[in-house]
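What follows is a set of notes on a single structure, which appears directly below.
Every chain is named by a letter (A, B, C and D) in the order it is written, and numbering of its residues begins at 1.
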Amino acid sequence: MDYSSVIQEIYADLKKKQSVGKVAAYIPELAKVNPDKFGVTLLKTDGLHYSIGDSKEKFSIQSISKVLSLSFIFPKIGEAIWKRIGVEPSGDPFNSIVQLEYENGIPRNPFINAGALVVADIILSLCKNPKEEFLHYINQLVDTDLITYNNKVAASEKKHGYLNAALANMMKSYGNIHNDVDEVLDFYFHQCAIDMTCEELAKAFLLFANQGELTHQKKPLLSKSQIKRMNALMLSCGFYDESGEFAYEVGLPGKSGVGGGIAAIYPKHFSIAVWSPQLNQKGNSTLGMLFLEQFTTKTGMSIF
Amino acid sequence: MDYSSVIQEIYADLKKKQSVGKVAAYIPELAKVNPDKFGVTLLKTDGLHYSIGDSKEKFSIQSISKVLSLSFIFPKIGEAIWKRIGVEPSGDPFNSIVQLEYENGIPRNPFINAGALVVADIILSLCKNPKEEFLHYINQLVDTDLITYNNKVAASEKKHGYLNAALANMMKSYGNIHNDVDEVLDFYFHQCAIDMTCEELAKAFLLFANQGELTHQKKPLLSKSQIKRMNALMLSCGFYDESGEFAYEVGLPGKSGVGGGIAAIYPKHFSIAVWSPQLNQKGNSTLGMLFLEQFTTKTGMSIF
Amino acid sequence: MDYSSVIQEIYADLKKKQSVGKVAAYIPELAKVNPDKFGVTLLKTDGLHYSIGDSKEKFSIQSISKVLSLSFIFPKIGEAIWKRIGVEPSGDPFNSIVQLEYENGIPRNPFINAGALVVADIILSLCKNPKEEFLHYINQLVDTDLITYNNKVAASEKKHGYLNAALANMMKSYGNIHNDVDEVLDFYFHQCAIDMTCEELAKAFLLFANQGELTHQKKPLLSKSQIKRMNALMLSCGFYDESGEFAYEVGLPGKSGVGGGIAAIYPKHFSIAVWSPQLNQKGNSTLGMLFLEQFTTKTGMSIF
Amino acid sequence: MDYSSVIQEIYADLKKKQSVGKVAAYIPELAKVNPDKFGVTLLKTDGLHYSIGDSKEKFSIQSISKVLSLSFIFPKIGEAIWKRIGVEPSGDPFNSIVQLEYENGIPRNPFINAGALVVADIILSLCKNPKEEFLHYINQLVDTDLITYNNKVAASEKKHGYLNAALANMMKSYGNIHNDVDEVLDFYFHQCAIDMTCEELAKAFLLFANQGELTHQKKPLLSKSQIKRMNALMLSCGFYDESGEFAYEVGLPGKSGVGGGIAAIYPKHFSIAVWSPQLNQKGNSTLGMLFLEQFTTKTGMSIF
């Protein structure tokens, strides 16, 4: 199939739309982004790739980092991780503290904020230099050394991160955070403040489409079973309160971030990254969702 | 691939296991079933099929009927149904009334009890003879006339159905049940009390694997978009509080019932029905889950 | 102190106020009442009494009946009642079903709807002719035979009582309703549909001010300990979500109803009944609250 | 009435009881206390007083401080405080974060932890030297200069105060904490770590029994209306989840702390402080509750 022309056609069509949502404004640093940015990169497991628009421009990956941090630590800790985090959809907004109280400090899944904080805590326990090692891992996935933390964004997150501080302290009180709360939050705010381009993001997520193997390196990073778990989690929990809707409309495992990025994969076929900063009411990129919906509909490339 | 030998091998292996759970006992009529029953039917879209064990024996399909009732009414009411029912996982046990209160009488999805009660209410609004027409539809799917309601089970459900009565009355108070509460409950208790065999169930679910078309009839019953919705819902909401676990372990859209049945599908490839009455702590068939997990692992036939 | 002139003064002052709230409209029968009705009766334990305005006119006592039904059954069942109902404020609106789910079908206190339904269920278990015997009890308290059920109001309540039906079915599923759900609801709807005047209500509540004794009969109906419990419950739970506010502003144990009535007592001193059908946003009589606040402030007759 | 002999008799009787509960162990510093300590002081508004047992021994007043901090700030901020804190019982344990989320960061009342943290925040906003000024106020109430913070206890609280940190951060995210979260927590941990004797505590609480006036100083510190509010709040919210039970059994406004202290008052008559470190399952002093129950029963000195 000629993916190239399908991508061009949808892109041109959506590019005309204006005022389709609001740029994330909960931290000042994110609010500065140009709302009209729009980029796409598709990367096939056979090596072919297609990019369009602002695909080489860096943006804040935000919650998309939760998939990467889990994939970093999952092979190191193994199934033991599920004693501290669940694998079920939350049925609540991404930062609900209620669920934590009723379930004694065990987050429902690794992609809500509480779950990602536990993942961050595990990284702190297992790494000597957590921030350096995690950044090294991301660069390794993409086969580059250009990916860095955006310290301004990290500082801005920290300054407004009271709800995350509440979640971390709450879990600490239940014994589900082992390290110092401030250090866990510091790591988490940095992880969310990584800047990447669509091309880099698609490259990183190819890992999940490619059964755990990097295309530029032979030894698999994750087992097939671990990849299955990661993909199943992305499908059922990757879009907060809108996961069911995304599963239906797009039909691909994926993860969104409030920076306007979405990364998704079709197992054994391709990874795709879309970026457009204007968000719908649920906090997901409006054009990103539309692009993926139309792309899977027109190509028939959906798991359902 | 030689499905036949894979199925035989797994079946023989699991058949040895004993005391793997408890038969549903919340209604006396269900508690009478022989706990050692175990049957499987696989039905491919190309017409091939494989059966083993008690695959020709009737059992109570219970909540599996929620998929069938939705598929019955979905083409008639169309997208308007989503004004009265959500499409997101519930994050709560299947009969939680809490969620209903916080969301003003709108059930989170059509496969929790509250959602299925709204589906039943819609059926009552749209059909002259609801029970007859629904049974006719099920028989049509299976190309038979042997499927009936088990009135003893229906009566037993009614006698112990106070929680469902609470849910229905609650939604009635929010205006989300339009017909008489007792009539809605009567339909619902009958729908859950349908008896089917593994072979019949696999045949009925082939509809969802086969893009909305019956193999024995040309005109599609549901559109491709409607089938996508049904399959996405089964994947994210088909196993109550264990949906995330099932999505990972099995990697197929499906639906379980407390009668010990599970029906699942691999889009465009096959439907499969498993029955074993002993349930795990989450209310899903223990052997049914194990069978499907091993089957998808050994054949590689999973959407992830 | 000259209660008579204090009452006249406050009454005259409040009588000028207009449009101070909305008449209860959730059932048609209640919505028909004249919103400008306003009556007061004060009854002292020494026999003196003062009435003003529409104090001889019947109105629907609604939830005030919950105090009377509890006082009817409390001496018969004794402390065993607290195994089925709690004694703590609910922290939720009067008909919350959430609390019931988290506390396994045990209502927080006897003055929320769920608690009053359990009281009704106990009455059904202990009486041969529940409705007759309860009405006889009310008439006995007032030393009259003129108090009756308003069958139109009861029928109207039944027709719109889905939330109460949800609560009753929910508790039945937890085993905390022993009789037939419909019979419990029927009794409850009748109990709420009793019509009384301010004079009758003040007379009935004198029981609680007078340590459990009727002034026209020697043998006490409730023990001192039981009266203490009743009064403590009225203070902390008598005004739904506004109980704390009422305790502060008025400083008397009491109970309100959506018919616009309020009955309150000052232990060992007096009972007082006020009626004005216009309700504030929390469902309590606006003028009734204002009258009692000013009365206790001007007379200094408050327990705090 | 001869209070002296009543107090002696009850004290002697309760003193015989052993192993009536567990000393608070959530912070190591509190766990060190001798569990057999037992002291009582009754102080009448007419100046008479009665003490028995360990009434001159210091203990950690813990949550009893919440009443004192509110009374310190209430006259300064006035009714405006109720925009930031509610006056209704919580219906949840003392540190529930769920309620905060559903009510957008507004604590239900000033005596649950979240409410007391907002009071602490207000003190920080209004005082130049918050800790010094608050301590000065307490000493002024007691007419002494011997009352101090126990820095070891404060440090121990801080080290285990993750749930309070969660609450404070949560409210900060809703804008209901104005100062730095760590400073608010530091003040709060100190306020709870004040050491007082029964005699000092009874003296401090005489303020609430004596209509807002100190007996050793002429100008009232709080208005009669403010005292009414304080007393109503103590009655309905002073004993966490056991407030309804306490209101019934004791029938006096009061406040307990996990250090084993209880302070209560009978408006216009007396204040009373009891201390025994062994707690019941709800976190209130077992002997303290029993003493007050028997005292009010035998003397008839209860507001109900």
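Throughout what follows, contacts are C-beta pairs under 8 Å (C-beta built on N, C-alpha and C of every residue); 3 or more make two chains touch, one makes a residue touch a chain.
The structure presented is a predicted model; accordingly, all values stated were derived computationally and were not measured.
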Chain located farthest away, centre of chain B as origin (C-alpha): D
Chain A-chain D separation of Cα centroids, rounded to whole Å: 48
Between chain C and chain D, centroid-to-centroid distance (C-alpha), Å: 32
Set of chain A residues in contact with two or more other chains: none
Contact graph of the chains (line, ring, star, complete, other): ring
Chains touching one another, given as label pairs in label order: A-B, A-D, B-C, C-D
Contact set on chain B toward chain C in their complex: 96-98, 101-102, 162-163, 165-170, 172-173, 181
List of chain D residues in touch with chain C within their complex: 86-92, 99, 108-109, 227-229, 231-233, 235-237, 241-245, 247-248, 251, 253, 267, 302-304
